[in-house]
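Before anything else, here is the set of structures, which you'll find just below.
Two complexes are shown next, each including chain A; its partner changes from chain B in the first to chain C in the second.
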Partner chain A sequence: MAPKSLTPASTNVVQTLWKAYSDHTSDRLKFIDAFLVFLMLSGIAQFLYCVLVTDYPFNAFLSGFASTVGQFVMTASLRSQVNPENKNEFKEISPERAFGDFALGSIVLHFFVYNFLG
Partner chain B sequence: MVQLRSLFLLVVSLATCLYARSSTGDSVLVVVEPNRQDDYSLFFDGLKEQGYELTFRAPKAEGPLVIEHDVPNFAHVILLASETKNFAKDITPQSFVQLLGKKTNLIIALSSKQTPMSSLAAEFSLTLPPPGTPLVSYFPEREESPQVIPVSVQANSIVSSNINPVWFSGVPHSIGNNPMIVPILRAPEESFASETDGGSPDSLVDAAERGGEGLWAGSQLSLVTGFQTLDNSRVTFVGGVNVFSDEFAQKEISKGLPSGNAAFARDVVAWTFQETNVFRIESTTHHRVNATEPPEQYTTNDRLVYNAYISKYNSKTSTWVPYPEIRDLQLEFTMLDPHVRTALLPVSSNPGKYSATFRVPDRHGVFKFVINYKRKGLTYLTSSMTVPVVPPRHDGYPRFLSAAWPYYTGAISTSIAFFLFSALWLAGDSREKKAKGHKAE
Partner chain C sequence: MFFLPIVVLLISSAQAAILTLQTPKIIVTSAAGAQSRSEPISLTEPLSMPVTLGKDDTLKLTFQIVEKDGGKGVQPHQTFLRFYDERSGEEGIQPVRVTNGGKAKFELNMAKPPLSLPPTSNTPLKVTLLIGSHLHSPLKLELFDLVVPASQPLPVHTEEPNFRPLPEIHHAFRPDQKMPPRPISAIFSVVVVAPWAVLLALWSQVIPRVPHLFSPSIFPFILTLGAFEALLMWYWIDLKLGQVLSYGAILGLVTILAGKQALSKIGDNRINRK
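So, the complex of A and B:
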């Protein structure tokens, strides 16, 4: 990965990357990516609060953080299973089946999260 | 003479408010040599007028006993036989200490002769000079002998401020640093204790050569000293019995200025016999801030209110009157150490009530509310009330912690985002299927 810098050549790289991404990704995948970005920001925010302010109800931190991380993992695997370019990897798994796994796994995750949240 | 005496009596009784009563009883035993009893007739008449019942007893007489079967027979005892060396069997320093423990008040007169009462005075940290050395002062210039000394009275909590100088003859004593000692009358600065027969100038010279060492002199000596025991009984040691005598009461200090002996004696008797400066805690209550009844136990971090009701004895009316003027009362909430020490402030709307509000500390255990108010000359106020403090029950903790709100919002936002995502994904899925279906056709 090219590091960010202020030289026009490097900025060009980031722009090219972004253009390639937005041109070649379907809307459905972009929707999943937006959800992934939101989860990542939420996780970072909780982590920063824990480190900078207090980790006082540590169980609450763990469950809130695990909620975002677990949901991120679920959504990332949904993305890879639903991507048409990976059809050869997941021959037995239809997109509907992938979504069903995603939903079930997420609901079980949320059950555990609210139990541990206190 | 009789006319002068009755006139004096009239003046004394008019000058004072008659009939001030003690809070602990009126029976007084006076131990005095029978042949000297008439020397104190003014003093005794004054006591009788105030309402005390006097019983006279010679020092060697068998009865009436001061204490019988561990019960004191009298509320107060005055011992004016200051030169007697042999007393009856029940008048001993030990029995007097026992009397003080049973809340009997004493006035004890000392003299330059060594008596059993000198050793009693030593028990109270009062050190007497060697025997045969009364107080001597050559100032102010006067016709009386140097051992009859006019002493000016400094105002303190026991004697009022406008008493004329008092005639005194007797021994001084030096007081130790026991906080329960209340000095009432200090020796004048120019006085000193020395032998009576020709020894005085030599002892002064000797002491001056040694820099004042070994000389009993000055206002560090006390002539009349009170002591209040932890049971709140009071004992006053008087350095010379002549303070109470008729002769000194009637002798003039200077032309036209009568002596203050009668008024001084009355003030000393009033303090010692529990008429003045007598306080008590009527009751103490405690409860949670918005409740009225005390709970069986407190929980840590509760807010509670403690109230104490304090009253003062009014000897004129023989009643206990609420007293709101104590400014430095302290309350301690103690478990081995005071966890909370706060001021008990008077409540202006309810005179005599003192109140404090505070938070129970974060420790559980058995705590005590302790009031321990000791001031010189005033009754010691002590009170201790025990109360259990328990940690919160399992459902006594707050349900949601305010420090955890970021985590609550994180988890809830993830759930909501998941549901929204699923809904929109399925909606998009059905739209795509419809489009594909159309394309297939």
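So, the complex of A and C:
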């Protein structure tokens, strides 16, 4: 496979993908997507610190990293359950129920993270 | 006042009779039969010179055990000779046979030493007579010092080194973990906080419409969710586990009620909009 370089063809693909995404995604989903991007960046930053510098308060690293990962998982599932295009997948789960699950799961996750943070 | 003589009489009769030795004598004979030393033992003064035995000599000790007041011969229940090496702490006990009349004789032949002789070295052995009897006070008499040829040293028990103080253990501990230098910590603090800036930038582009956020049926739910986060942060700073769990339980009940109300309202809105 040829190494990926910014040839006009591949730039076009990326641009088309981005245009499709921003045109066809509702504002609410973009809102959640921004949060997902943030969580991913935050997790990567913490992991880089642990690998490059030190894992000295190891419990702090674990709880910080686990908070980003756990929150990412829950937000991703919220996004997929709330998306009107997925209505057929989640027949018994209304978007409100999904949000309730998300809220409860987040609170429990935060509790355990704060417990371990130290 | 006139009880005093009766009390004294009672006390003296309660004290048991005291034993003593009559005519204690030692004789040292060489192998050929010549007597090299023969003298009585004084009970009050120790012998001037320790009794020395060569490897073929014989020591003969004779005495008679009598009561101090009366001079009657006594056969006590226990009569022992104790050989004690002060420097090494080794001792040997030799029972001595005493006749009915209290006469006792003990022979120590160095050509055939008795088993009761302890391992000897250059230090002279102290010889003590120990007498025990039901009817009399016990008696312990230092008789004389005995010098015998040195014996083989005691064999060392295979496990003996374990009973001496062992070499001191020096534990080596892993050194304490240290924080990284400040500039690096500062840089990485910025790196980790930067995603928040990215988030705020992205969100400023995409604010979704929240038409009913502050309506009275929905806002309490938002408030209780915020209160939960505040409670958890308070727990991180200050609270204890039992407190946060009990406050959380109460707040949870309120949240469930508010949530039911808010989410059903939103659901109805959504269905009506369809």
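What we mean here is this: the second predicted complex is superposed on the first by the 114 of 118 C-alpha atoms of A that agree within 3 Å, B and C clash if a C-alpha of one lies under 4 Å from a C-alpha of the other, contacts with A are read in each partner's own complex, and residues count from 1 in each chain.
Everything that follows uses one rule, which is that contacts are C-beta pairs under 8 Å (C-beta built on N, C-alpha and C of every residue); 3 or more make two chains touch, one makes a residue touch a chain.
Computed from a predicted structure; not experimentally measured.
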Output check: A:35 vs chain B and chain C. Expected answer is one of first, second, both, neither. What do you get? both
Where does A:63 make contact in the superposed view: on chain B (first), on chain C (second), on both, or on neither?
first
Q.
Contacts for A:54 in the overlay, against chain B (first) and chain C (second): which applies, first, second, both or neither?
A. both
May I ask you to decide whether A:117 touches chain B, chain C, both, or neither, giving the answer as first, second, both or neither? both
After superposition on the shared chain, which partner residues are touched by A:21: those of chain B (first), chain C (second), both, or neither? neither
Which superposed partner A:94 touches (first chain B, second chain C, both, neither)
second
The shared contact residues of chain A with chain B and chain C are 27-28, 31, 35, 38-39, 42, 45-46, 49, 54, 56, 95-96, 99, 103, 110, 114, 117
Contacts from chain B onto chain A in the complex sit at residues 401, 403-404, 406-408, 410-411, 413-415, 417-418, 421-422, 424-426, 428-429, 432
Seen from chain A, its contact residues with chain C in the complex are 26-28, 30-31, 34-35, 37-39, 41-42, 45-46, 48-49, 53-54, 56, 94-97, 99-100, 103, 107, 110-111, 114-115, 117
Seen from chain C, its contact residues with chain A in the complex are 177-180, 184, 188, 191-192, 194-196, 198-199, 202-203, 206-209, 225, 228-229, 232-233, 235-236, 241, 244, 248, 259, 263-264, 266-267, 270
In their shared complex, chain B is touched by residues of chain A numbered 27-28, 31, 35, 38-39, 42-43, 45-46, 49, 54, 56-57, 60-61, 63-65, 67-68, 71, 75, 95-96, 99, 103, 106, 110, 113-114, 117-118
